[in-house]
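Below: the structure, in structure tokens.
The first chain written gets the first letter, and so on, giving A, B, C, D, E, F, G and H; residue counts start at 1 in each chain.
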Amino acid sequence: MSRDDVAFDHARAARIGLDEAVFCAGKSANQIAAILEGAGDRDDGLLLTRLNPEKLEALPKALHDAIDYCDLSRTGFFGRLRPVSVTGKVAIVAAGTSDAPVSLEAVRTLRHAGVAADPITDVGVAGLWRLLDRIEEIRRHPIIIAVAGMDAALASVLGGLIPGALIAVPTSVGYGAAEDGRTALNAMLASCAPGITVCNIDNGYGAASAALRVLHSMGITRS
Amino acid sequence: MSRDDVAFDHARAARIGLDEAVFCAGKSANQIAAILEGAGDRDDGLLLTRLNPEKLEALPKALHDAIDYCDLSRTGFFGRLRPVSVTGKVAIVAAGTSDAPVSLEAVRTLRHAGVAADPITDVGVAGLWRLLDRIEEIRRHPIIIAVAGMDAALASVLGGLIPGALIAVPTSVGYGAAEDGRTALNAMLASCAPGITVCNIDNGYGAASAALRVLHSMGITRS
Amino acid sequence: MSRDDVAFDHARAARIGLDEAVFCAGKSANQIAAILEGAGDRDDGLLLTRLNPEKLEALPKALHDAIDYCDLSRTGFFGRLRPVSVTGKVAIVAAGTSDAPVSLEAVRTLRHAGVAADPITDVGVAGLWRLLDRIEEIRRHPIIIAVAGMDAALASVLGGLIPGALIAVPTSVGYGAAEDGRTALNAMLASCAPGITVCNIDNGYGAASAALRVLHSMGITRS
Amino acid sequence: MSRDDVAFDHARAARIGLDEAVFCAGKSANQIAAILEGAGDRDDGLLLTRLNPEKLEALPKALHDAIDYCDLSRTGFFGRLRPVSVTGKVAIVAAGTSDAPVSLEAVRTLRHAGVAADPITDVGVAGLWRLLDRIEEIRRHPIIIAVAGMDAALASVLGGLIPGALIAVPTSVGYGAAEDGRTALNAMLASCAPGITVCNIDNGYGAASAALRVLHSMGITRS
Amino acid sequence: MSRDDVAFDHARAARIGLDEAVFCAGKSANQIAAILEGAGDRDDGLLLTRLNPEKLEALPKALHDAIDYCDLSRTGFFGRLRPVSVTGKVAIVAAGTSDAPVSLEAVRTLRHAGVAADPITDVGVAGLWRLLDRIEEIRRHPIIIAVAGMDAALASVLGGLIPGALIAVPTSVGYGAAEDGRTALNAMLASCAPGITVCNIDNGYGAASAALRVLHSMGITRS
Amino acid sequence: MSRDDVAFDHARAARIGLDEAVFCAGKSANQIAAILEGAGDRDDGLLLTRLNPEKLEALPKALHDAIDYCDLSRTGFFGRLRPVSVTGKVAIVAAGTSDAPVSLEAVRTLRHAGVAADPITDVGVAGLWRLLDRIEEIRRHPIIIAVAGMDAALASVLGGLIPGALIAVPTSVGYGAAEDGRTALNAMLASCAPGITVCNIDNGYGAASAALRVLHSMGITRS
Amino acid sequence: MSRDDVAFDHARAARIGLDEAVFCAGKSANQIAAILEGAGDRDDGLLLTRLNPEKLEALPKALHDAIDYCDLSRTGFFGRLRPVSVTGKVAIVAAGTSDAPVSLEAVRTLRHAGVAADPITDVGVAGLWRLLDRIEEIRRHPIIIAVAGMDAALASVLGGLIPGALIAVPTSVGYGAAEDGRTALNAMLASCAPGITVCNIDNGYGAASAALRVLHSMGITRS
Amino acid sequence: MSRDDVAFDHARAARIGLDEAVFCAGKSANQIAAILEGAGDRDDGLLLTRLNPEKLEALPKALHDAIDYCDLSRTGFFGRLRPVSVTGKVAIVAAGTSDAPVSLEAVRTLRHAGVAADPITDVGVAGLWRLLDRIEEIRRHPIIIAVAGMDAALASVLGGLIPGALIAVPTSVGYGAAEDGRTALNAMLASCAPGITVCNIDNGYGAASAALRVLHSMGITRS
């Protein structure tokens, strides 16, 4: 596959202010390499998501070395990284240790867009006081991303405590009745707290993109 | 259908200490009448569940008049009602107004067995302080029945706050992703709080029966 | 049921800036009447959702007459209506005529909070030019609510054309493989366009609440 | 297993004008070898689908060398390849890079039957202009195969723009709410555009066979 | 609702050669009346699907009288009916008596477009000879619509016997494991016979539209 | 684990005339070895099902050597094999090559019980004449086991052609809408042909056991 | 609809020894009347299943009066009833009172074929001794039909106690996790007892037909 | 990841009397090591669940050697083990050999809390007498944990025979219609025996925690 076979949608960034990321899960190393080579001439860098270590290793060395990789979130920054221009606007609140890959994917996606997010972890509602101890800190952010699996009760409790935009991401943590994240997804959608919006299971990238859209609504765009 | 066609399991009560109730949903008025007539000679009365008003009206007048009916929970007490012999042991905690039919079915089932339960309602986690205001009162009971639909987050929050037996009942309240109670059911099963046990959707009768089993374990049986 | 049995969460409005609405689907006319009577002394009015005409008729006349009812969206405004204080911020884009009940529920929920939304209807993608003719008008709003059933392709097409917050609401329009709205829900969640967030099926109220949260993030709150 | 154990349906080709292909996924290398040996005496070659590289390697060398293999689509041509006799009739339109294995399986199945298809790739609706730029080229074909995963919105948009036969193939690309292709499948079935027909998930072979059936309807059969 | 509120897509007919039909299931009588009044000035008539008798009766008398209604298929022809211009091209093969509403919807949709289809009924495979007796008659048509519920085995058997375009429509006939037509749908999609394409459950309208697309591919369009 | 930890139900064979087989899929090699050692003293041998080659290799050599293993069906005969005492009573009819593991499991289970079954393979309905050519041979058996995956149309066609006991086994062959065999299972359950009974997916052992039960009903039991 | 539109499969009875019954659920009263009129000249009568009282009342009086109707099972005998020729061969064992409609459909289907079945009711395993008290009586029959809903544990317990043909019918009794009979269906299919075969949910007719097939295998056919 | 990144909820043990266990399935070896190091200074030890051997081997040697590991249940005791203080209160009843990993997880969780449970295995209802032989022994325990997969009939039979608290755990044993344990889960929830409560699939830890809660209700807490 040559780079000519890939029609990357660079115009979309101009149109909607969101870079297209390279979702690597369904692509071969050859396909990813072709996309990266095609992107080499652009000013801004490229975000790679769902890039597993095996595929990273299979890339040509020059490409491999140009990637700033995080193995917990399986994300990579390729090329020039935009400086941080937005801080204090987005909090990423996660229920447990096992949710880290997803919340970190959101952190990294926002960082790639120049937004520094504030992570707040291990505040699942089974230990309610951990959450209540930090609720004022959370409330200071106009945008909250809530990451939780299993029963996803964190999203409902937050929904009753904060006034700002609340973007919930279910995770596939758990087994049996957790149904690979569908239970968390449905519980967030059917939450008793009003105005929670939801992303796909494990979709930290999507939650970060939704946060960027709200930043656009707030008039905050990248410099 | 004559009363001879119905093999009611009276021996089960002696064996396991739980009366068989008459689940009316799948039975015709004729079948229910046959069962009630057969039960007329017994000392203790009979509990009827899922008895809708139409079926109640279709019963012969003598049977109809012998039933103490509650239309919100669709339960009926037929015949002699056992006096209350147990108090202060079971709290029934419900998330919202719409959960009342289920929590009331549990209250009535326990009452039929001589147990007075303490109902605590409208303490859903979207308004967290309503729950926290009453948590000490809840904790004083060795057995808690938690009734909630939609995201069922109430069960998880309770699970982190009380040490006693926690019996969760999902309700079919809600729409769409609430999936007729399956989301609440799965969220309770996959709860991040340990040791929650779960009954079938809308099964207030089952939760009360489970509470009676725990009372048996505690050495508390009806006189 | 007396009004004392209902613990309405008035404090939540102060805490998160969203009024609790009365979800009528799971409540009896008696329960609704108790809530409305309890709310009579408050300054601001009350929003009722999923109120079918039969239940409306069953309310006491004084309550009935105090409700401004819309039968297409099955919503009611009870008591004093807040004046419009926000305009031009929220567009509600709907795919077809059958989606009107849901988009109208969103319009009315926003109106109750003092926000006048701009509805744009019948722009499903099967007739793509209808949508493209109005895309600039849509783009002028910082917040878009997209309402669509069946394949829900409208959300994905919008996602590639607008930069602002995009809140998608699947509807239960359709039959067979539409799966009562689950296909639209899943298609919105799995959209190829980034940053779309999703509400429960037919949840126009929830989408409007999410839009209010983004308005809070933008620093726009009711006077 | 000897070749006598396999009852290959050669008569079907004569009856319906479609060769039976060898679906290798559920067969051992031994079973595949037995089929190929039995087919050695026939005039026309044989198409193999879902043949993974490991199984290919496990075949006897003579058989292995007689196979023209494509690893992206996992298809093989065994024996004599029919010359191309039909051009310009079938376009294969794919949403993204990850859909290539499925669209290529369709291309190869048609090629095996003597039909040269025109592939048009990376025209997913999230970047709508990429599709609109090529819509006239697509419209010139009487038969369109649309390949898309996740939300499958491409099929609906195409359905509103082209008059000819439209055969949609959902792919299993995506995760979570994509449900291994079921969301794309259902979205195509419930499309708001009329007259779209659908094949099984990832079934490029089936879509090509359906295209061949339409060619039969058009009076175009292989020489 | 006035007629101005409805943006009917008349341009689509010109673009893709398929009239938009009025899907009445999700619309009120008022909405349908608005559409019909708006269509009154057009040259060609309008097809109504899923129009139940109650809604038909609720239409204004002038509109009601202008509709040629079929209660078995719940379809109506409004206004001028195009003359038949195509015959002998489409056979509609149905498994059982209970499938008649769906096959008749297909017959009527084709008739509205000027195509006379040939219905062949009660040829389910449990009585295989009924089908084999008529197979030559079926094979003479270049386009076959196969209508079947429950196990949908008819589609697979036909798939092995006819060379032309085969459009399968699952029906919701049956109970239990028939899963409201999903079993028939899945069985058709997973058929062992190649090149079968499938429409949504009970979608006779869609199958007819797909047949019209194949007629377009064949160069047969309405005069 | 010692052999004392395993309570094998030898009495069941005497009670119902069916040996308990060792289902190896959920057991470790140690557990299987403990069972086999415990069975060493019995007169008759033991049937092992779902025994994969890795587990077979992990058994102690003496046990390994005492097993007559078939890798296609993953079954083993341990110890003395009962002689054949019943012939011509059971036909096992399979749709395709990929169904062989399941039909062979049934053949081997019957053989272990002393019954020689007649396999008839590759008679799927997509090539209907292959089946019709052998239908008289099939009809001569009082008991038919039908093995098929995907659409499972074979069972329905057989159901209309044979009068005897018809035991259908769905297989997990196929992909996508085949749903790991659930589509075949449901299609068999919802068959339009009367009196078909169904076993679990891929359960050749269960089908053979059911055939043995019918042989018991016929008065044919092992000597 | 005239009687000429209905192609009833009378030949099937001759071929497989099972009469085609009229499944009334998906048919209009007109369609049923046409079938009955067409059947009037035949020697043997006709079985009607799923005939609800409203449809029965809507039949012409002459047809109505010729039907021996049972409202609990919703079955009817039309015309001449074959005398009983087989006794003591089939037991129908049902778990509870609510299963009566299904077990009675089986009883009536067998009766229509000249077989008198022995019903044994209210022997669900929650009161195990009721079942054990009658197990010897059950074991005397070579064919057992087990009817149960909810957990369907009756089938598994019977499977370990009887040697003959065991045909299990799940019923849709129950709610919530009973999933309209799918739980009973799956539990019967996945039973720990060997050789149980299963029919569709609530399919008493199918179970009786399967029993007739086993009687055919036993050489017992109607005179 | 340093130990400071992990907010372990030590306070929960004091609040509800249940130690938080380390669920290892979703955590990396590094994350587990950080938790264990943080726990080193505590008085009581720590329970690890779902710890597979590969992850155990990847831990630092000092941590590895401090773990008392059981490979069948994949549980580990880290650090000081509390002495046994409760005996004769909890029986763990398992249907088959394949259920051992789950029942053993329950045994080990209870042991970690100082409770010695009595395991009773291989008493599945397909061999009913095995269960009845031990029923008096089972009944002597006030708390029963029932572990079963597939049809889970064991729970229903026990429910009719014992009066005490009955905690049912479905297991993922089986295939096809066993649906990875969902069938057992649903059968337990829909049981015909009253008062059974249910845990998540394969959740031996949760069942043990529920038993500890009942012990709390009984006034039995760890010294």
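In this text, a residue touches a chain if its C-beta (ideal position, glycine included) is under 8 Å from a C-beta of that chain, and two chains touch if they have at least 3 such contacts.
These numbers come from a predicted model, not from an experiment.
Listed here as common contacts of chain C and chain F: D, E.
Looking at the partners of chain E and chain H together, the chains they share are F, G.
Chain pairs E-G and G-H differ in how many C-beta pairs are in contact, and the one with more is G-H. Interface matching across B-H, G-H or B-G places the copy of B-C, with more than half of contact pairs shared by residue number, at B-G. With centres defined as mean CA coordinates, chain F is found 43 Å away from chain E. Between the CA-based centres of chain B and chain D the separation comes to 56 Å, rounded to the whole angstrom. The set of chain A residues touching two or more other chains comprises 12, 126-127, 159-161, 174, 176-178, 185, 189-190, 194, 200. Chain contact summary for the complex, chain H toward chain F: residues 72, 97-98, 100, 121-123, 126-127, 129-130, 173-178.
Chain D meets chain F in the complex at residues 5-9, 11-12, 23, 25-28, 31, 35, 170, 172, 180-181, 185, 200-203.
Interface residues of chain E, counted against chain F in their complex, comprise 95-96, 124-128, 150-153, 155-157, 159-161, 174, 176-179, 182-194.
Residue ranges of chain B in contact with chain H, taken from their complex: 12, 15-18, 20-21, 142-143, 159-167, 185, 189-190, 194-201, 205-206, 209-210, 212-214, 216-219.
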